[in-house]
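In the two complexes below, chain A is the common chain; its partner is chain B in one and chain C in the other.
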Partner chain A sequence: MSRRALIACAVLLLAACVLPFVVTNYRVFQMSLVLVYAIALLGLNILTGYNGQISLGHGAFYAIGAYCTAILMDQAGLPYWATIPIAGAVCLLAGFLFGLPALRLEGLYLAVATLALAVSTPQILKSHPLEKWTGGVQGIVIVKPDPPAFLAAAGIKLNQDQWLYFFTLAVAVAMFALGWNLLRGRVGRALVAIRDHHTAAEVMGINTALYKSLAFGVSAMYTGIAGALGAIAVQFVAPDSFGAFLSLVFLVGIVIGGLASLSGALYGALFIQFVPNIADEVSKAAPWAIFGVFLIGFMYLMPVGVAGALRMLTARLTRRKLSQPKEAIA
Partner chain B sequence: MKRTLLPIAAVLAAALALPATAQKKYDPGASDSEIKIGNTNPYSGPASAYGTIGKSIAAYFKMVNERGGINGRKVNFISYDDGYSPPKTVEMARKLVEQDEVLLLFQTLGTPSNTAIQKYMNGKKVPQLFVATGATKWNDPKGNPWTMGWQPNYQTEGKIYAKHILQTKPNAKIAVLYQNDDYGKDYLKGFEDGLGAKKSMIVAKASYEVADPTVDSQIVQLKASGADVFFNITTPKFAAQAIRAAYDTGWKPVHYLNNVSNSVGSVLTPAGLEKSVGIITTAYLKDPTDKTWENDAAMKTWRAFMAKYYPDGNLADPFNVYGYTVGRTLEQVLKQCGDNLTRENVMKQAASLKRLQLDTLLPGIAISTGPSDFAPIEAMQLERFNGKQFELFGSVISSED
Partner chain C sequence: MTFEALVLQVLAGLATGSIYASLALALVMIYQATHLVNFAQGELAMFATYLAWSLINAGISYWPAFLITVGLAFVLGVLIERLVIRPVERAPVLAVVVVFIGLLVILNSVAGWIFTYTIKSFPSPFPEWMGVRYMAPHQVGAFGVTLIMLALLYLFFRFTPLGLAMRAAAQNPESSRLVGIRVGWMLALGWGLAAAVGAVAGMMVAPIVYLDPNMMGGILLYAFAAALLGGIDSPFGAVVGGLVVGVLENVLGAFVIGNELKLVVALALIVGVLLVRPSGFFGTVHVSRV
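Our next item is the complex of A and B:
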């Protein structure tokens, strides 16, 4: 990471820490959701952006993560923080297993196969054999976590929303650091090589089958962890929360944010969190038509996503100053 | 003379004015000039057919404001789209309460959506008033004193059918088909409670899953029980299948069909209108397509309202009568609140409606609530399908008495 990128990250993190003390609780809650979506989008970006496998079914992994947390909290009485790694592990396994048969499918065929995941998830969650755990159509209501006692003892007073935000922020930072580490080295190069030229990658000795299934697993894990955090933030899970549309929204998020870019996940998350609200305020009659206008506008003005557009902008500014291109921040 | 009277007049004026100002009490969302009301509706997504309820309510309050508002205060009705997605409902409810600072939430739509925000609303002590769902759990004044339903709930309706069977066919043998989820079980519980000691009249029960392709085998099983009354607790697709299957197997029971599926267009027509003759169901609102109400004053007023304030709205859609009627209910509650517009008083007034008559409800149906009765509408009238349309018959049946 260049020094400038490091400074940018530090400033961003500082701003993120100050934020909950200057805005209302409702905004804090919304920002928690942005962080949740950012983690989910990062997961999908690893699969689609870096590895070139299109998934229209990531809402399913988000749902699995959310339900893992809800069931473990509701039925096993586990504390919320302990459910996060379990939800991640379950989704890692589920993603890896789904990734194995998916190896035979390429491009659009894979997209259609994953779409099956998305459309079947709400129905499976409602199904009778699972109702004991999932609560059927009614879903599960979970308790919002209080800030831990040691913080209060240390004299730091946070409300539930602020605490949840910081908790989510900590997980998000850890997940982004992990993602950055994973993608900048050998693994990342292998994933990109498979995306760019499958046969060439195989000739170079990359175990494409393993990498592709692993990409699926890791991607699902990210999205599952996001789902778990989302469930805690919303305090409720129900089948109707995880319709097929959620998966499409995730895909929209990574394309708008910027494919194969870490920071793109954050821009995408801001987009999917706030633009539907703006659209709703513009028109009650056709909110999704307005959303569509935004979508077309963004794609037309920034065909490589927000991250890509910013990268080009920085590159142009730097070139003008130094008259030679420098490594851009991702 | 003038000078001596002046101070007296001033004292008098002050004395008159004082209690009025002292009585005025406001919580967030209410002021001398405005009452802010929040709402979520699915304007987009799979349940967007319900979105017209939110639009007709908005139109209703537009009319109220043009007439001068409620006790001189304009209603500011803020409605957001939640796409029938519970997490979005949570976000929007929080926006309404914390950012827009509404006095109350009104007619938030959908059972899962309302479940998602119930804990939050009761924690915040903000009214979640007249929610748009038929589940029975909203009538829980002790556990959730800030949540209240409006329409007759599933258990109420089940009790009404039970009552009618006990009156007309005391020796009936009853078969029940129900959807195996909270909705189906809610109906079944009300029905069994309504039969009370005579619960043994139910000779056969069969359930189906939403994922099942058909309910044919269940119908065969129920027919074999020798039942002569059939209570059909199914959602539209399965209702149509059950009606057809019962007719085709030659089973001729007295057929009760739940209100959820009483649509001529989407249930009886696909099942076959000639196969649906004699089906009994319930209603509580005047049906805008029913010829009986063609010259009814209330429905004429409603049509004039639609023409002026919601010209895009569908005049055949019962949801628009629903939105109009529930809007009138809230208007009455806020009128009763007077100048004491606190959240506590809103709930108190909502829980003290005494036989409120609204003329878009069927004649004889009134809205009553109490501190331990958070189910406003508890009466319905039976109607029977004559091959063309439903015909109301008998008197209004209430589950209360």
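Our next item is the complex of A and C:
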């Protein structure tokens, strides 16, 4: 990491730590959701941005993570923090298994298979055999966690929203650090090589089948962990919040944020959290029409996403030769 | 399960399948020209159906309203291509997909805003005598209208100079431009035609599923699946795929799994078929140069 990037990260982290003490509780809650979405988008970006496999079904993995946490808290009485690694592990496995048949599908065919997964998710969650765990249409209500006792003992007073924010922030930082490490080395190069030229990557000795299904697994794990955190934040899971639209919103998030970039996940998360609110303020009658106009407008102005546009801007300002980010999906 | 009940479900499946086939065909038409799948195709059809509903409510009788709607949908399709899609022609594929998603939410939201989200009934123009032993009048009519439309499209693309020019522009834009075909306008016409075909599908399905802004969500997915099942670059395949999906959906829903999970099972089957034949029944196997 360059020195400038290191400083930027430190400043960002500092600002993120100060933030919950200067804004209202509702804004703190919203920022927690931004962090949740950022983790989910990072996961999708590993798959679609870096590895070139399009997924219109990541809402399903988000739902699996959310339901894992809710069921474990509700039925098994596990503490919230203990459910998160379990949700991650379950999604890792689910993603890996889904990734195996997905090896045979490419581009549009993969898009429709994953879209089918997304559309089926609410119906499977509502279905009768699962009802005793999932609570059917009603969903599951979970309790908001209190800040741990040792913080109060140390004299640090946080309310529930602030504690949840810091908890989410800690997980998000860990997940981004993990992602950065994963993508900057051998594994990241292999993923990008597969995206850019499948056959050439295979000829160079990359086990494309293993890497592609692993990318699916890791990507699902990220999104599942985000789902788990999201469930704790909103204290509620229900089948209809995990429809196909959620998956489309995730895709919108990574494209608007910038494909194949870590920071893009953060920009995308800010977009999908706040732009619907702005649209709602502009027009109460047809808020989603305004959202759609924003989408199209962003794509006109920045077809390579916010991260891509910023990269070009800094390159122009510092007058360095820029390396164009390659198109992710052919 | 009696034989009679099976025949009934298969025929009902063919009727809804023909509607999926029309929408699948609209998807294939745009795919052939641009190699993109238009996620907003279903919402365009929904919007056109609302236009038809307004015309009929304004006192125009059904068939004139039908023709005016097809014309309006054509113009809407051309306008969208010119104004919205053309500026992002050279953008990355996923950026265009996001523009499609933007169009989808805009059309859906505007329809809800103008016409409200309350469910409306939509008339069927087919008289009682059209019903046959196992099929309701509307099922016969919808099937017939779809077949006529497909025949007209076939004749248009096969025997008219304009149809030839459109096929040429889709297949090889550079060479077509060299022989004087205005490729950009051919794309816009393709969009217009696809929107018109979608409008017919919308008006045929609305008496069955009722009119509301979200009516096309499930249908678009079936059409998408149908197009892939038949082979995304084959118009004939799209029609066959649509009929197969319609029959599968109906028969499975009635006899095997019930309505609750029929969407899930139908989709799982389709994905299963794609795993065995990744290019669909009639699609060309993609070969690329290394």
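We adopt the following convention: the second predicted complex is superposed on the first by the 319 of 330 C-alpha atoms of A that agree within 3 Å, B and C clash if a C-alpha of one lies under 4 Å from a C-alpha of the other, contacts with A are read in each partner's own complex, and residues count from 1 in each chain.
Everything below uses one rule, namely that a residue touches a chain if its C-beta (ideal position, glycine included) is under 8 Å from a C-beta of that chain, and two chains touch if they have at least 3 such contacts.
Quantities reported herein were computed from a predicted structural model and do not represent experimental measurements.
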Could you say whether A:Asp280 touches chain B, chain C, both of them, or neither, answering first, second, both or neither?
first
In the three-chain superposition, say which chain, chain B or chain C, touches more residues of chain A.
C
Quick one: classify A:Val141 as touching chain B (first), chain C (second), both or neither.
first
Using the touch definition from the top, say if A:Ala111 reaches chain B (first), chain C (second), both or neither.
second
So, A:His128: does it touch chain B (first), chain C (second), both, or neither?
both
Does chain B (first) or chain C (second) touch A:Val119, or do both, or does neither?
second
When the two structures are overlaid on chain A, which partner does A:Gly292 contact: first (chain B), second (chain C), both, or neither?
second
Considering only touches as defined above, state whether A:Leu313 meets chain B (first), chain C (second), both or neither.
neither
Please indicate which partner A:Gln30 is in contact with in the superposed arrangement: first for chain B, second for chain C, both, or neither.
first
Touching A:Phe236, do we find chain B (first), chain C (second), both, or neither?
first
List the residues of chain A that touch chain B in one complex and chain C in the other.
123, 126-128, 285, 287-288
Could you pull out which chain A residues touch chain C in their complex?
48, 54, 101, 104-106, 108-109, 111-113, 115-116, 119-120, 123-124, 126-128, 199-200, 244, 248, 251-252, 255-256, 259, 285-289, 291-296, 298-300, 303-304, 327-330
Quick check on the complex: what are the chain C residues that touch chain A?
37, 84, 87-88, 91-99, 101-106, 108-110, 112-113, 217-218, 221, 224-225, 228, 232, 260-261, 263-264, 267-268, 270-271, 274-275, 278, 290
Chain A touches which residues of chain B in the complex?
43-46, 54-55, 79-81, 83-87, 90-91, 94-95, 97-99, 110-113, 115-116, 118-120, 180-183, 209-211
In their shared complex, chain B is touched by residues of chain A numbered 24-27, 29-30, 33, 123, 126-128, 131, 136-139, 141, 230, 234-236, 238-241, 243, 245, 276-277, 280, 284-285, 287-288
